[in-house]
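Below are structures written as structure tokens.
Both complexes below contain chain A, partnered by chain B and then by chain C.
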Partner chain A sequence: MGLQELLSTYGDMYVQALLVTWRMTAIAFAGAMLLALLVTVARVSPIKPLRKLGDLYVQIFRNIPGVSLLIICVYALPHLKVVLDYGVCVILTTTLVASAFGSENFMSGINTIGVGQVEAARSLGLSFGQILRQVVIPQALRSAVLPMTNLLIAVMLTTALGSQVPLDPPELTGLVSYINTRSVGGILAFFISAIGYAGTAFAIGIVGNQIDKRVRILR
Partner chain B sequence: MSNEAQGMRPIIELSHVEKHFGKLHVLKDINLSVQKGEVVVLIGPSGSGKSTLCRTINRLETIDSGSIRIDGELLPEEGKELAKLRSEVGMVFQSFNLFAHKTILQNVTMGPIEVLHTPKAQAEAEAMELLRRVGVAEQANKVPAQLSGGQQQRVAIARSLAMHPKAMLFDEPTSALDPEMINEVLDVMVELAQEGMTMVVVTHEMRFARSVANRVVFMADGTIIEQGDPDEFFDNPQSNRAKEFLNSIKGH
Partner chain C sequence: MSANVISMRDALYEEPGPKTRRRILVGTIVASIAVAALFVFIAWRFYVTGQLSPKYWSFFTKVSTWRYLGQGLLGTFQVALTAGAISLVLGVLFMLGRISRNKVGSAIFRVVVNFFRGIPSLLLIYFFFLVIPSYGIKMPAFWMLALPISLTASGVLAEVFRAGVNAVPKGQREAALSLGMSEGKVMRKIILPQAIRFVIPSLISQLVVVVKDTTVAYVVSFPDMLQNARVLITNYDALVSTYFVVAIIYILINYAINQASVAVARRSGAKVIARTEEEPI
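Coming up: the complex of A and B.
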């Protein structure tokens, strides 16, 4: 099957698959950022059990392969009477893994803030919550832009987990399996999907760099 | 001063304060009271506990036993009460510790807006006035990294003053500065002292101590070895430790 035939037969499906990949990436990344922020706040809180819980969360979801989590979500959760849609399982899995890495990015952002600034805020009479909102989180966010850009790309690639479950319509990698079970797309079918991933990643990288330049903190 | 003696009351009062860092006994039975309007300079070799002592006064360091009172009130251990008391005691650090992501103006207005709930416009007007006073009003819209060390430290002083503190703590405020910038910071501090601010200053600046301190407190090995009038202390120290220390910093 040549490129032209592939595109004329499956072109619309590729576009649709790209949109599915983008949508899952956007949802998973947004969820991951929110979770990562909450977990990070727990990890720097003055309450020790909460800190330990946050650390444990990161250890668990950073160290379990995405596929295993997906299998748990698809096959194990129904035993607990939790039946989630395949697409939801993929997004959930990606979100959990990415939130663990995201929290690590925030933590290293926080570590760049001198303890002195926190002490200065404390000596002005700010509460723990105010110090987080005014001093710690804004700086951690800004210095996390580049690592989070990387994470966003990783999230997009992780949504390829969607190829392991029946999705309708499929995402980019799932579409390749779909095509290759029906006709002989071969390596070319993969290649077109790869262009979708690489092009998106390239654009994400450029935007990430621009944002970083704009918000970077002078030191 | 003597006319005010009857109205005098301690703004800061430490009694029998003890503190350990692990096995190291860093503060040993510290008793110190600072009167309203008084300028006390803490001096001593490094590791003597003077910075730690300064930091216990707004509880950036906890203490093992003893008591600390600010304006008669026992220093609370945590929570809202502690935050409120901290807001009444200004602190200036060796390394300035300005908020790196905020402009100079925002650095000064943050405390009043967040803690005192001052309306933004009023906080900004007050902040500009303070920045003018310390001579950095032109830099109001820059970020800290664009300022020299001396300018940053003056901003830090303005940031503390914006809270209308009852007393100010200075923890080696000029030690991180290039020599040519030390005086611009000391000048601001001298002015503050002359206006009657209650100050506790950890410093090695002898000239500053002589010209504005009401009292010099000499510490070594976690204890207050001697204290007294600055001229008397520098010209005629009583203890051997103080003599040794003064000799070691003289002579260049």
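Coming up: the complex of A and C.
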């Protein structure tokens, strides 16, 4: 199938698929950031069980394969009387996995701040909450820009899990298998999707680098 | 890393006084109850839906079950190690192309590296599974899985290696050149041996990504652990328990790999490359 024919037949679907991938990426990344922040606060809190639970959470979700988690969400949870939509499962899986890595990024961001600053803040009489809000989190966020950029790209790549469940409309990876089961899409059908991913990743990388340059703390 | 985490964690608060200690104690108790309630709730979900019934779990006491899962695990390891080995070689080649002084070559490899880094391995697996056969090339399932996984991993590894090469002090290259070594010899004898040592922890943790990628083996119907688990499920009609057990096995394997990476990083001493260049998930 030539490029002309491919685009005239499936052009609209490619646009839709790209939008689906972007939408899932945006939702999952936003959710992951929120969860990661919560988990990180739990991991640095003075309350032992919360620390341990946060650590356990991170170890579970950074080590579980996305496919395995997706399968549990789609096939096992209904047996436990928890029925979720296919699209929700893909986003949930991506969010959970990404939040574990996000929390790790925050933790290493916190670790770069340096004990001295925290000690200084404490000797000024700042409370734990104030130290977190005014000293630790602003700096941790700034030094986490680059890792989080990479995480955003990884989130986008993880949404390819959506090809493993019936989504309507399909996302970029699902669309390739959709086209190839109907007609011989050939290399081109694959390449258009690939460029959708790689192009987005490239753009994210550039924006992330720009932001990082502006906010990075030089030590 | 963890030693570092603890110290920073502990720096965040004062040695607590009696009031704070009481507050922390109350918080600890409340949190413990909440955590316990969470686990009880999960167990309760299993119980009320009948998933704790022995018929779903008893076959895990059979040797045949574990042998079968073990066979699948062997398949998983075969693909993961093969893909890992290929991606090491390709990663170094891509990196060498990327940093070459030839402008055109460097630009080409830059595109190649960013391309493989920027697409999901699943898409590439579909390419090997659906597209390549349509051009009349037949390939066993093993390679339809191992090749795409190693290609996406090598894009990431190329960047990891590049970070390693950049971490070797510039003066060493200049000194070696001024001793009359050729560029190639400097790379082989001076830079690469050090660069590779710097990135070994990152390489080990990249194996986690490869192991995770192998779980889509069912797409090409290669018998990995997850695929064998599906067979068990149809045999024993025990979906929930099997999927949970398999997920836990994967978590433990990847946890072990990560711990190995941390241990190597700690043993190799101070200079370890930041892992920001890696593709995490």
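The criterion applied here is as follows: the second predicted complex is superposed on the first by the 219 of 219 C-alpha atoms of A that agree within 3 Å, B and C clash if a C-alpha of one lies under 4 Å from a C-alpha of the other, contacts with A are read in each partner's own complex, and residues count from 1 in each chain.
The definition used in the following text is that a contact is a pair of C-beta atoms (placed from the backbone, for glycine too) under 8 Å apart; a residue touches a chain by one contact, two chains touch by 3 or more.
From a predicted model like this one, the values you see are computed outputs, not experimental measurements.
S.K.: Touching A:130, do we find chain B (first), chain C (second), both, or neither?
M.R.: Touch partner of A:130: chain B, not chain C.
S.K.: I'd like to know which partner A:155 touches here: chain B for first, chain C for second, both or neither.
M.R.: second
S.K.: Where does A:53 make contact in the superposed view: on chain B (first), on chain C (second), on both, or on neither?
M.R.: Once the two structures are laid over each other on A, A:53 reaches chain C alone.
S.K.: Counting only touches as set out at the top, which of chain B and chain C does A:217 meet: first, second, both, neither?
M.R.: first
S.K.: Check the residue A:122 against both partner chains and state whether it touches chain B (first), chain C (second), both, or neither.
M.R.: both
S.K.: With both structures fitted on chain A, tell me whether chain B or chain C touches more of chain A's residues.
M.R.: C
S.K.: Should A:194 be classified as contacting the first partner (chain B), the second (chain C), both, or neither?
M.R.: After superposing on A, A:194 lies in contact with chain C but is clear of chain B.
S.K.: Does chain B (first) or chain C (second) touch A:138, or do both, or does neither?
M.R.: In the superposed model, A:138 contacts chain B only, not chain C.
S.K.: Check the residue A:163 against both partner chains and state whether it touches chain B (first), chain C (second), both, or neither.
M.R.: In the superposition, A:163 contacts chain C only.
S.K.: Intersection of chain A residues contacting chain B with those contacting chain C?
M.R.: The answer is residues 113, 119, 122 of chain A.
S.K.: With touch defined as at the start, can you tell me which chain C residues reach chain A in the complex?
M.R.: Touching chain A: residues 1, 4-5, 7-9, 11-14, 16, 24, 27-28, 31-32, 35, 45-46, 48-49, 51, 114-115, 117-123, 126-127, 130-131, 134-135, 208, 211-212, 215-216, 226, 239-240, 243-244, 246-247, 250-255, 258, 276-281 of chain C.
S.K.: Can you list the chain A residues touching chain C in their complex?
M.R.: 43-44, 46-51, 53, 59-60, 62-69, 71-72, 75-76, 79-82, 97-98, 101, 107-108, 110-111, 113, 115, 118-119, 122, 128, 131-132, 136, 146-147, 150-151, 153-155, 157-158, 160-161, 163-164, 172-173, 176-177, 180-181, 184-187, 189-190, 193-194, 197-202
S.K.: So in the complex, the part of chain B that touches chain A is made up of which residues?
M.R.: Answer in residue numbers: 58, 60, 80, 83-91, 93, 95-101, 110-111, 114-115, 143-146, 156, 159-160, 163.
S.K.: In the complex of these two chains, what residues of chain A are touching chain B?
M.R.: 113-114, 116-117, 119-127, 130, 134-135, 138-139, 142, 217-219
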